[in-house]
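Here subunit A shows up in two complexes: once beside subunit B, once beside subunit C.
Coming up: the complex of A and B.
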């Protein structure tokens, strides 16, 4: 039949598309999971399965499968609109009673099954139902409430994300419904670890012989995968039971929300290269001085997040690279100045006279001028494309008089001082835009890099220091950074966890990429 | 067809020739980049050096290689580490840098406003000629960093043996950071390539008399800066009042500062590395615990040259004895650079005021209110930092232990009463 031939062709094309996407799609920052609209019902089945470690090891797990789907490690991320009445039907295909608890949710009702230690349990072959109202937004987790030390180690744990009222992609993406919790990209960091010896025992039918007191992990996971598998796209066919990736992407100046879940038994120091980031909430509770405001004014700026067992942390990360001392965007002086390149801006109070050794500025309209240290700025008419810019090095010598900035230098490094100030100058913009250094003409970099033969290069190196620029690389180098973004490792700083059962590198490694402008970054679906 | 083949072959040949022209000759060599330094020794103090008076250029030359440390129980430990050869002529760097791994790595203390040119020369591993590892420097926690100077081998590169790489940092944010090699991070960090790094605030260079409302009792209501000069090159940040952060009110004033690095060694791992055995990453577990690369009682031994390694070299240059006069305020810049553990640190009998986490002053988002807190202990994971002020005003003179709260690790390792501990002496 014609239609079935067409269907086959479509399927083949679809498969090819999936394979290609799986191999090449990288620009995404999204949280995958189960979304069943408002007042959802989730039908989950506890069952056994196998996952693949970053070293290729086959690891036995107990996981949850969504209706009709494969068993997952970790359990499916449940994405729920705030205020929903949530129903979770848990069917048990394991050989021992199983149940679920929902830390951070109140008034959880359990019906069916049998009475267990902390909640009602489903007997093997049976079902139990939990209902609760997802009253407040935030990042939470859910996990086994039966024989927990073993069942959670085996994989019966997952994340819950409650979307605030009014949440919309795109248009109104916030973690807690307020402007101070708004974000452009989001990523889940569900952190767990595994002692594979326990899983081997369970796989060979000796679950009752497992000694949990000698637990010692050898694998560390982000979203159920070890490095380097975290870089494969979500849902790739070769990781059927580990559908979630961990490969964040963002643009300069964007805010990325990290939803971190400490789902294992150990504490993990989670270090994000690139910049410090603001912790806005712990365990779904905003760090606020005014209760109920969801304004995280008590948020903490950290470069290493101590992720504790059972804890969730919401962290907002951003990067602009605007005070590096060189123009990481690789601009020439006449290019438009981008908003993210500016660390401070103010209008001039007085017109410049040739004899002026300082400038008098109004209160900054953006950022603040550094105190008692020199910084680079351009004097312009305030237009992004104004060609009559002059480069200056300024310094606020008396912080008690923040409107007076001494001119330390005029003109670009390595050039002579210009004869006169540019006409119609009306603004002072703190930026390293178009910075050049002494040396060869148009030298935009402060040092000379070594010969490539003296370097050992990494797979995410583009060959250039500048965002979006690709330099010449020797054969076989690079290739993991398709848009020539800036790559930063986000990883456990207990560095022994960067291994897969004794093989370095692996484990708790991920790479965040600051992509050049224009890169399309895939958003969460719900 | 033949003509197509011929064209292709010629094209290929031309391409190869062009490539050969484009690739500069290999130049593996020690190269220092430091603007104004004209003899390549990475300092700006020699006759003939021409520092730009209007740029605050600072330079340093580190070598990366191997060496030995000695534990508090006398055990030898093979290490990787950095050595400071700032001021050494280029031609002597390889010889001077070999087998000189420091533990911990040399202190890097900078000031806001510095342009810092850090040259790293890889001198190779003398004890492990089979290794050809690159090295790098990662400034851990530096805000808004670039990936080219991040030292992460995945996103940039490491420098090969007998070659140099110069990092550039525009130093803009005060705080307590740390640095380490990021090449084969688990191995190189366990082997000791870890250093203290902090940045002093521009507030140290405020004009004499600048009003500050929250200075400690007896310190008046204004900043004191005896050598104030408009040009930061002429204003020593250590003359006059000193602060941990740009607090705006003098509340992070201190008299004496001490970097304290919590760390440890797994002796099995170090022995395996020394004797070219397979490395056991999976079972890494530190049995020697240390502060600034020494276990107690070596931590309180301040005699120069008292702790030397098997080659007679003083690799562990950093005692942690904290000795102050009653009434002084101590700033402890505490970092954990251990690769296996969270560690706690407690000052028995002394109030610890935590003023910053991870190089960020504890305050509300709008800066209107400080969020400092008092505690008896701090717990930090690997790669975290905490700044603690201890005001000794009114406290009895005497000796107070500063020790790991994981008491089972206070040993060297089979000798009891050692490890991650030092003393605070109030005189």
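Coming up: the complex of A and C.
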């Protein structure tokens, strides 16, 4: 379960924060779990244990422990190569019969144990064996099939990730084996809740007093932890029964696969700030018009994911800052334009004449530009590295004529009458590249940051609007954002769930960090 | 009674048209409508744990059928597009503080009744003109209204009360309706082999008690705002260990499931195994059916789902985990098994846990079953434990299963009711005070006394009032006496231990 050695990208100020906050300086986007190769056997034991809430509360749980390991909340994530025949031996150290079901898996067989309501069960002290074929790739769940209302609440549920054939880290990271399901980073969001009053009764031998119809949760978990514990690294020794973290990191322009699992009883509106994202699969089934193609051409672009109980969702998120309105990368106009900085581009249909008040762009990219609003663009010879470029502000006034972009402003000072267009101008690129956010040298975008005395700092604030740059911070501020990335809260929009037993902040909060280029991000081991 | 009527000629259906005539009419071309006569009324239901709740439901008017919730399924034939419902209100009168509370109506979300006319009333602590019914109301005591729904598309529908619906639908006034695109097709080209309807519902017994006691709408139970359900139903029943599976025919066929939510909460029908394919939603076909393991089913939502059901049992359950019965430990609530393969035949009659013989645990299951106490078993809504087939599950059936303990009677064999032990001296009151359960006078109240008590069920002496087994002396031996007996048996056991 122990993760490999942490790659630490610390800076002097960050180190102080680490010592105070007990935070490992890692940049990670990975899914931890049990990996036993092809055709694996997992030996799991159902047992009682205790976890720690985000408020320090000690909470009684029923979980599964991998062979020789501590009992886990949630149950271990099983990482399985596609096509495997999987064997799960479940040993029961609880006081009531327990079983497991594997929705979405094929050819599930149960042997041993006793016959239960839904599947064969292990009696206290006994063992039951399940086999199934992990026939198709995707994100799935496994959970108790016995006394479900109580046992799933107590913690008997976990995620299953089936890797597609040919999967490799790095080199061939896809969710479903196809180009449009490829990703650069991945993260698990296993969502659950807890009514601790039930757990207290069970812990004190009063399970018979539990009335599950009065269930009312007080704790909300991502990967078995409440905020702020989600930010501590996976496998930290002070959370022995909650080995998984939830702290996604990605670089600008990268694709991040979110594997979201609704393991609790309530629907949670999961909101990934920063950008909308594409839902490519539900319950391990790609949203496809051609059955079996695993090509997510019916994917849905959503800003909030309604995560149903019992549902899994695979979502691809990306962020690149290309339409922020300023250059978050801190470039100057003559720097090379990066692909992620471009929100639209097209070649010109005709050469520009000095008297032109608009540019005429060629098909097929003409519709890619924003409609009916001014945007910043550069006119170049078509080479992104060509320093001979003109900064303009354009607007598509009539979406029915997407080839005509009216020139609203020209030139560094915003005049509309420069001496001449740059030589060999042949392309227009929509970008905020080189647009300075603030500073005395540039009065086109006059922003002065408020005085520090007027600010409340967040643990993720770098003090600078630029990616990778650190501003001046009061002592002790920042610290959770060691590489000065951009932080977005990814959270439940049932806002009361952002609490630990009625105390804000906590619960279903996580932070995604867009790290500056050059940051090394640790990836899944398998 | 199900009848067909020619729209252009007869706005009111004739109750004399018989089914055979209707079939002929159905085959003829022309604008024909199907008509159903429904009566809304109250009944009682025994919940797991023994609690008896007042329910409201429907039956086909003029029949001897019991009221049920959900009500009878209304099928609009493939060739029809008009559905007429003649509603009669046989509910008890509303309480004095809110006399229109039990006025009722029928609405079918997705369809509009011809001439729909909402009802407004000036009511409430702060008098305001409020809508109390989405359509014209039938008043208690036999009031009647006809609702005509035209342009019925293929799909699944939920009919329900449109009057004070937060109350009346929860009380049980809902049922399924459907129309096929063609025989064996849910929508054009969406084929299936067999179909089943699963309607979800909830019961808050406190709300039902308030309605029965006339205190709904008072500080005792002000409104559905206080709704906290304790029982979660599929097709009107919570799951218990004796719940019969829904038989869906041979294995690996395509089963069409019509899943409707008549409850007040979101539920998530889910499977633990095979995928469900959502082919329709709210009576509209899906362009791109999705294969899912869990379905979002908001209140009033209607989903059409196809599923290949493998041999044996397949669980459909609510993944919001409303799969308990009140505070009773263990599985219950919103769960049902689909069963495919050969129709299930129990090995022995009365072997409720199917362990090969009738024993004490089967007696316990019998007594705990929500069927115990039912008096409205019919062919369409049968009771598995109505052993003597009299439409009731009562002390007589208990006596039967009790007499089978230790044996394995063939399910097909004729049921012979044990003769009453008429005149059994130990059971005569003979002017003496009741024996409080120790009928054989051996000093303890035990299973031997239960046998004597059950044997006295048909004893004429009991009807005459001279019967020690009639512990409460009301002239019959019933569940009330059984409850007294149980208490006496428990007390006797405690004494014995001292």
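Just so we're on the same page, the second predicted complex is superposed on the first by the 477 of 526 C-alpha atoms of A that agree within 3 Å, B and C clash if a C-alpha of one lies under 4 Å from a C-alpha of the other, contacts with A are read in each partner's own complex, and residues count from 1 in each chain.
Everything that follows uses one rule, which is that a residue touches a chain if its C-beta (ideal position, glycine included) is under 8 Å from a C-beta of that chain, and two chains touch if they have at least 3 such contacts.
Predicted model only: the values in this text are computed from it and were never measured.
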{"item": "First (subunit B), second (subunit C), both or neither touched by A:153", "value": "second"}
{"item": "Touching partner for A:267 - first (subunit B), second (subunit C), both, neither", "value": "both"}
{"item": "First, second, both or neither for A:299, with subunit B first and subunit C second", "value": "first"}
{"item": "Residue contacts with subunit A in the superposition, subunit B compared against subunit C", "value": "B"}
{"item": "Contacts of A:289 with subunit B and subunit C, given as first, second, both or neither", "value": "both"}
{"item": "Subunit B versus subunit C as contact partner of A:118, first or second or both or neither", "value": "second"}
{"item": "First (subunit B), second (subunit C), both or neither touched by A:207", "value": "second"}
{"item": "Partner chain in contact with A:101 - subunit B first, subunit C second, else both or neither", "value": "second"}
{"item": "Subunit B versus subunit C as contact partner of A:309, first or second or both or neither", "value": "second"}
{"item": "Partner chain in contact with A:55 - subunit B first, subunit C second, else both or neither", "value": "neither"}
{"item": "Subunit B and subunit C footprints on subunit A, overlapping residues", "value": "267, 289, 298, 306"}
{"item": "Interfacial residue positions of subunit C with respect to subunit A in the complex", "value": "228-230, 241, 266, 268, 270-273, 275, 288, 290-296, 315, 317, 319-324, 326-327, 329-331, 333"}
{"item": "Of subunit B, residues touching subunit A in the complex", "value": "22, 24, 26-28, 31, 33, 35, 54-56, 112-113, 115, 117, 134, 138, 140-141, 143-148, 150, 152-160, 163-170, 172, 183-187, 189-190, 202-203, 205-207, 210-211, 230, 232, 246, 280-284, 336, 338-342, 357-360, 362, 364-366, 371, 379-384"}
{"item": "Subunit A residues touching subunit C - in the complex, by the definition given at the top", "value": "101, 103-104, 108, 117-119, 145, 147-150, 152-153, 207-215, 262, 265-267, 282-285, 287, 289, 298, 306, 308-311"}
{"item": "Sites on subunit A touched by subunit B in the complex", "value": "180, 216, 218, 267-269, 271, 273-276, 289, 296-304, 306, 319-326, 328, 370-374, 393, 395, 397-400, 406, 408-409, 438, 446-451, 453-461, 465, 472, 481, 486-489, 493-496, 498-499, 501-505, 511"}
